[in-house]
Structure formats: C-alpha cells, structure tokens
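You will see two complexes here that share chain A, one where it goes with chain B and one where it goes with chain C.
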Partner chain A sequence: MTYVRAAVRAFEMSMKLRSVNPFSNFSWLAFPLIFTVLGLLLLSPGGGGHSAYAILGGGLIGYWGMAYLEGGNEIQNERWSGTLEQIMACPTPLAVIVVGKLFSSLLFGMLSFIPAVALGYFGFHQSLHLDPIPFALSFLVLTFAFFSVAMALAPLYALSRRAFTVTNGFEIGVYVLGGFMFPISQLPSWLQAASSVLAPTWAVRSLYAAAGQPFGHEYLRWCAISIALSCGYLAAGWFLYRVVDVRARVTGQLALA
Partner chain B sequence: MGRVNATAIEASRLRKVYTTTRGLLRRERKEHVALQGVDLDIKRGELFGLLGPNGAGKTTMVKIFTTLLLPTSGVAKILDLDVVHDPWAIRKRIGFVFGGERGLYWRLSGLDNLRYFADLYQIPPDVSKRRIAELLKTLDLKGREHDKVEGYSRGMKQRLHLARGLLNEPEVLFLDEPTIGLDPVGARELRVLTRSLADAGTTIFLTTHYMLEADEICDRIAVIKKGEIVAEGTPSSIKTGVEDQGIVEFEVEGLAVERVEALRRLPAVATVIVDERDLAQVVTIHCSHPGELAASLGSVLAGHQVRKVTVREPTLEDAYVLLVSE
Partner chain C sequence: MTTLRIFFRSCWFQYRAMFNWATPIGYFSYKFLQPIVQILFLTELGIFATGRSNALYFALGNALQLTAVNGIFGVVMSVGNERQFGTLPILLGSPANRVVTFLGRAFVHVLDGIAGVAVGLVLAFVMFRIDLSHANLGLLAICVCIISLTTAGLGLMFGSLSLITRDVFVIANAAYYLLLVFCGINVPVSRLPEWAQLIASCLPLTRGVQAAREVVSGAGLAQVSGLLAGELAVGLIYALVGYALFAWLEHQARRGGLQEAY
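On to the complex of A and B.
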C-alpha cells in the first residue's frame, strides 16, 4: 500500500510539473500535427485508406515520444535539479517512482491523438473508421507495450548521464521499425526481423487492422505476442533496476558532478 | 545508559576509489582515492563535525553513510546496519540535507515538496499531515507553504531542505555544509536548530568549512585531509593539540614572494599564510615561539613598513589551518 501511495504521489507530482512547463505540451501537440500533415499530404492521394496511417501515425509518434522520451527525460530532469540523489536515497525503490511518472507520461501522450484526429477531420476531411472493441483492446495492449519499453529503459537514465544521447536515436528507430506510419511489409526482410522483437510493432499492427487496414483479423494473436514481449521487457527491466541500484552507488553518477 | 553509549555511525578502514576512463579506442583508466582507510566511531545523540578543505572526502563520506555510494573496501555501519547490505533499512531511519539550493522542485510549492517526500519515506498520511504542519511551524515556513519554491529566499530553501530531511523523524541526521551561502542570521538560526535537535537525542553528522560553526555546536570534531582523518576530538582538545604553537599576524604592503619564502625558512615557523586585501597584505604565521619571531621580523622584512603586529593564542581555525596545510 505504501508503494501504491508513493507511485500515486509521483504521478501527481509529474502531472503538476508538466502543467507548469509549457514545453511539455510540445510533444503531444506539435509532433502529431507535423507528422499528420506530412502523412496526409504524402499518403492520402494514393487512396486505399492510407489516411489511417497519417492520422493514427501522427498520434502514435506523439504518444511514443511522450511515453518513451519524456519518461527518460524526467529522470534526467531529476538529475539536473539535484533531486535524483534525494529520491534514490529514499526507502521507496526507483521503479515505484518511475511507474508513477510513466503513468503521467502515458496520460499526456494519449492527448497526441486529439490534434492528429482533429487535423485530419477539419483540415483534410479525413476520418477514421474503427472497429471499436478490437481497437480499444489493441490500444490497451499498445499502452502496455509503451509502458514496458519505457519502464525497462528508464533506469539507464539514472545510471548514466550520457544515456539520453544514445537512447534518443532509439525513439526514431521505433517509428520506422514499429510500422507507425507505414506497414512493416515495406521494410527489407532483415529489418522486419528486427521489427518483430519490438512489442509495439504487434500492437500497432493490431491497431491498424482495427482501423480498417487489410491485415486480416488476428488481433488476439498479435496482442498476445505484444503482451509476451512486453512482459519480457519488464523482466529485463527488473534486472536492470537491480543493476542500477548497485552501479549508481559504485560510480556516484547520480549527481551532476 | 546503554543507548547513550551505543554507536550510531561507525567506519572501519573505509576506503573509496573513483575510477574514470578516457578515450574511445585506447581506454585510459584513472583512479582517484577519495577516502583512504577512515576509522570513526560516533555515539548516539552526538553532534559530530567533519572539517576539511574542498575535495578532502567529506561529501564522499556522507554519501557512503547515506547509502548513495558504496565503499570500495572497509566497513560503514549506521545504527548497526551495514550500508552495503542493509541500505533499505538504513534509509528509513536516517535523514540528510545537502547544502546549496538544488535538490528541490522549484516550480512546485514547499508543501508539494514535503508531501511528495513524506510518501516516498512511506509515512502514513495522518502522521505526515501532522508532521508537515509541525515542521512548517518549527522552521518558520508557515504561511508560505503554498508558494512556489522558486520564490523562496535562500534561507527558506535551506529550511525546506531541513524540513524534508526531518520528515521521517530520523535517528541520525546528515548535514553536508548546510549553512553554505546563508546570511549570518540564517546560518545562526540553523546552528541553533541543529544543536536543539542533538539535545533532543538525534545523532548529527555535520560537515562544514566554518570553524566557528564547529566550535560553537559540535560535541566532537574530526579533520579530514586528502581522504584521511588527521585529527579527532573535542574542539578544545584539537586546539590543545596546537597549544605549543602561537600566531603572529601583521599587515604589510608589497611583500615579494622571495620574502614570504624567507619567512617560511625561519626556524620554528610552521606555516605562512598571505591574505591579499586591497593594497595591503595580511600575513599570518603559525610558529612555536611567537614572541621571539615577532622580534626578529625586522631582519626579514627590512625596507617594509610592518603594521598591526599581534601575537595571540591559536583558535580552532588556526588549528585547522595547521592540520590541513601542506
């Protein structure tokens, strides 16, 4: 119960910090708009329901950016403000605090679909045709996949001041490998193999199928694969948190200097 | 009585080595020894001061005791719990305050900061509510708790740090240069509060640069230099350790480096410190026969107008300077 209370408070703090920081609106507002415009201009003339890739793709990029990058960003911000040492020295594990922070990131990230859908509808007269139950299920699975990836990678930010630079590239890689804006069948086969080990890939495929893309109707199988991979990430993350707890205490990298 | 004599903080042959690497292809390892075999035994309820220049190892020691760093070798125990094997149990029973303005969520209110850490310290809501109200009152933050921290004065921020450190009613409190940057009034208030916490039974481990602070409030002090404890005892015993030394101070203008070196070579001179003040230089000499030295200054300082010559007993600061000087 004490951990739940700590996670809820971490969520509340994170929400408050975002609400007083205008830059936190950039990821969920600007990125989806930019990618949706690009997608609609490039994909819509081809017809065949490609506008779903533009609208959902823009939202997905914003959602992923918030969940993954902002989650890590929060750890980095803690380091800059000198609070990382304070929270690491508390009797509550870092993982509990990160859970609260990630829920806040995910909640803000979900907002990314609002500008993407609104722009598609009002700006380009394009709308989504969704199969509600498979879509809702796929979206939940996708959220779990994003949460798992962010959860497993967050300790790297605590471990190293340079983690941000390295993992930044991973954000863009997942746009492509996850099939956020086009089907992964368009990727070379060796890259498709890399895609298949990413939990978001399977959830995104399921999501697009529920939005009318011609992938078949294997929602449950895709969702199950995504959940299994996500659980694997969480298991790896559990190990990583244990490593961080020791390594950070050996190197003393929690502070700036 | 057993509790009074029980050890609160213990270090035995405590050593910390930081290793850094440079280069991409040809990795170059560099080691920096921050602590080299420190032994300490601090009793419950003691207010213990650790003095030392920058880089001497004070903060490293505090970070090991607060479980933020692992020692390279040796043993460190807090309330009989090992910092390596029992960090979670230790964290519940200690508090710490690092000096400076960082370490707070500036864009949120003081109350938000305290509530957050109260939950991270797993304090039940009814207890934390009462505790936060008490601390706001004791630390003179009542009425400003809903204001954003960025609008607080430096003294208020430091008091908020202290409130955070006291949330869990710690048995051992670590204060790492808590008065740094505070004005004299703020620093004095913090010293009074620190002493009253120790009088109420909290064990306090204080690191500081300020001799007056250590002399005024600490039961015992240790001086650390390059990761080694070079003196330990009560403030008066540390002063007694340099009792055979005296201090000669004088003011002079345009003293060349060669003359300072000549002063250093004089028999019985331990250290010579030259403090530049506007046009004049204030020279402080630690020596064993101050009266004789004062009389013989003329030969070394021929041609200089020497003013305000004083001979006095060493203070704790003088003892510290002697202990940490090369």
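On to the complex of A and C.
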C-alpha cells in the first residue's frame, strides 16, 4: 500500500510538472501534427487506404516519444536537478517512482492521437475506420509494451548520464522497426528479424489490422507475442534496477556516473 | 589579429562546451546512428507512399537535411545554453566584439554540418544505392556548404530568441521538423498548398536542396547558380535579422538589467 501511495504521488508530481513543461506539450501536440501532415501529404493523394498510417502513425510517434524519451528523461532531469540521490536513497524502490512517472508520460502520450485524428479529419478529410474491440485490445497491449520498454530502459538513464545520448537514435529506430508509418514487410529481411524482437512491433501490427490494413486478423497471436516480449523486458528491467541500486551504493557516483 | 584569435577560440570552446558529453560512443550515436535511422525512416516512408523508384528523391533530401542538426539544434543551443548554464550575463558583460561573438556560435557547426551531410550522403549511397554517376561532385559539395551556411543563419535567428525565452529547445525542435515538411525534403514544394509554398520560399534549404537535386541529375553551375544565390541571400537575411535581434535584445537587457528575467 505504501508503494502504491508513493507511485501515485510520483504520478501526481510528474503530471503537474509535465503540464507546465513546454517540451512535453510540444511532444504530444506539435510532434504528432508534424508527422501526420508529412504522412498525409505523402500517403493520401494516391489513395490506397493508407491514410491510417499517417493518422495513427503520427499519434504513435507522439505516444512513443512521450513514453520513451520523456519517461527516460525524467531520470535525467532528476540528475540535473540534484534530486536523483534522494530518490535512490529513500526507502521506496526506484522502480516504484519510475512507475508513477511512466504512467504520467503514458497518459500524456495518449493525447498525441487527438491532434493527429483531428488534423486528418478537419484538414485532409480523412478518417479512421476501426474495428473497435480488436483496436481497444491492441491499444492496451501497445501501452503495456511501451510501458515495459520504458521501464527496462529507465535504469540505464540512472546508471549513466550518457545513456540518453547514446540511446537517442533508438527513438526513430523504433519508428522504423515498429512499423509506425509503413509496414515492416518492405524492410530488408534482416531488419524484419530485428523488429520481431520488439514488443511494440506486434502490437502496432495488431493496431493497424484493426484499422483496416491487410494484415489478417490474428489479433490474439500478435497480442500474446507482444505481451510475452514485454514481460521479458520487465524481467530484464528488474535485473537492471538491482544492478543500479548496488552500483550506486558501492561507487557513490550516481550523479556523476 | 586579436579578434581572429577570440573568434576561433570562442568557436572551439563553445562547441566543446556543448558537446561535453561527446564520448566516442555518444558522438558515434549522434553522427551515425541518428542519421542512419532518420534517413531510413523517411526514405522508407517515401518508398511506401510513392514506390521504390523514388528512393533517390527521399534519400538525397533527407541526407541534405541533416545539416539542420547542426544548423538548427547546434546553433540555437549554442546561444541558448549561455542562458541555461548561467553564463549569459558574463557574455553580455564582456567587451568582446558582438559580431565575432555572434558568428562564433555558428562557425564550427557549419563545418560539422557539412561533415554530417557527407556522412548522410555516404549512408544514403550505401543503403539506397543512390545514383551519383551524373553528378558534378564538386558542385554538389558547394551546394552542401551553402546549405550548411544558410541553415546556420536560420539557427542564429532562432538562437537570438533564447534571450527572451527559456524554451529554446522547443523552438529548435519545431524549426528542425518543420523544415522536413516545407523545404522540399520529402514533399515537392509544388505539391504544397499555396500558403505553404510561400513559407517554403522564405526558408533556407528549399532552394539549396532543389539545386542539389538538379546537380545530382547532371545540371551545371550555370543552371543552378540562381538557386544557390537565392539560398545564400535567404541565409544572409536570417543571419542579419538574428544579429539585429540579438543586438536589440542585448540593449534592452542592459537598460533594464533583464538578462535572465524572461
């Protein structure tokens, strides 16, 4: 119960900070709009029913950016603010604090779909045709996948101040490997193999299938694979949190690491 | 001579300060990993929309746009970080020549931007087999240099805004990604709405990228000189406006003691 309360407090604080942070608001509002415009300009003139890739793709990019970058960046911000040591030293495990922060970034990330859908509808007269139950299921699984990736990566940010820099390129890499704005079947086979170990890839495929893209209807299989991979990330994350905890106490160089 | 020394030392130190995180792995990620995935993502998106035969258009455009990583992010943050790191009042209080100080924010980024595009073009060549057999490579290099200069001009103008806003990173991000839409990088300018074409004509990159595309198709200096002159003029205007803004804001800040009050 104490842990739940701590996570809720972290969530509340994170929501307050995020709501007045211009970059967070840029990330869920402007970022999806820019990519949706780009996608719609490219995909809507030829028809082919690909505008879902522009609309959902813009939202996915904003959602992933919030979950991955903003979620991870919260740890970096704690380091810059000089509060990382307090978080690590307090009796509540770091993972609990990160859970609260991540729920906040996921909630903001979900907002990314609003400007994308609105722009598609009002600006380009394009709308989504969804199969509601599979779509809702896929979206839940996708959220779990984003949560798991961010949870697993967050300790890396605590471990090293350079982790953010090194993994920054990974953000756009997941646009490619996750099939956010085009099907991964057009990628070279070795990239398709790499994408198959990413939990978001399977959830995104399920999401697009529910939005009418011709992938078939194997929702349960795709969601099961995504959930299994996500659980694997969480297990890896659990190990990393222990490494961070031990290393921080042994070296005493958390903020400088 | 002293001015030149100050210029080059200032260039180098501000670049080092900005990339203080630049371990070899970090720099590799910034210089190679990000360009690879950005070119890959936007080119594959273009291929999905228009077919594999158009890969050259997207790969070339996005390789050239990499100059904005330095020209926009680098230059804007170089000016903006003075405020974030608490050195702005010291900078404004120093007797250093303002033109030298101002242009020094951009110089190394222009060079690094050129290197970035070179990396991007090699990657585009390797990943998408873009055909450079008809290209005048010397002229293409001139196009890249000019694009890098003009993008830095835009960066200097946005960087000046850091004197009156704390959210300069948002400005840099917005500028960087909007260039992808407006400047003929991924969507031909002719396919944009009229109001967007007007914006495109006022931005750096638009003419430079068009010139580079024509050079890759075999055009000579005579055919692209107008575009390159226009590109240079646009960049110069942005740099001048940026400097004027910087000077005016500095004047206002001195009068009111407002260096970090915004």
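The working rule: the second predicted complex is superposed on the first by the 251 of 257 C-alpha atoms of A that agree within 3 Å, B and C clash if a C-alpha of one lies under 4 Å from a C-alpha of the other, contacts with A are read in each partner's own complex, and residues count from 1 in each chain.
In this text, contacts are C-beta pairs under 8 Å (C-beta built on N, C-alpha and C of every residue); 3 or more make two chains touch, one makes a residue touch a chain.
This one's a predicted model, so the numbers in the text were calculated from it and none came from an experiment.
Applying the stated contact rule after C-alpha superposition, one finds that A:38 touches chain C and leaves chain B untouched.
Contacts of A:15 after superposition on the shared chain: neither chain B nor chain C is touched.
In the superposed model, A:172 lies in contact with chain C only, and not with chain B.
Touch criterion not met for A:234: it reaches neither chain B nor chain C. After overlaying the two complexes on the shared chain, residue contacts for A:187 are found with chain C alone; chain B is out of touch. In the superposed model, A:85 makes contact with chain B only, not with chain C. Overlap of the chain B and chain C contact sets on chain A: empty, with no shared residue. Every residue of chain C that touches chain A in the complex is listed here, in rising order: 21, 23, 25-26, 29-30, 33-34, 36-38, 40-41, 44-50, 167, 169-170, 173-174, 177-178, 180-181, 186-187, 191-192. Those residues of chain B whose C-beta lies close enough to touch chain A in the complex are 18, 60, 63, 66-70, 87-88, 91-92, 96, 98, 100, 102-108, 112, 115-117, 119-122, 125, 164. Across the complex, chain B is touched by residues 2, 5-6, 8-10, 13, 16-17, 20-21, 81-83, 85-92, 97, 246, 249-252, 254 of chain A.
Remark: chain A residues 22-23, 26, 30-31, 34-35, 37-39, 41-43, 45-46, 50, 53, 161-162, 165-170, 172-173, 175-176, 181-183, 186-187 touch chain C in the complex.
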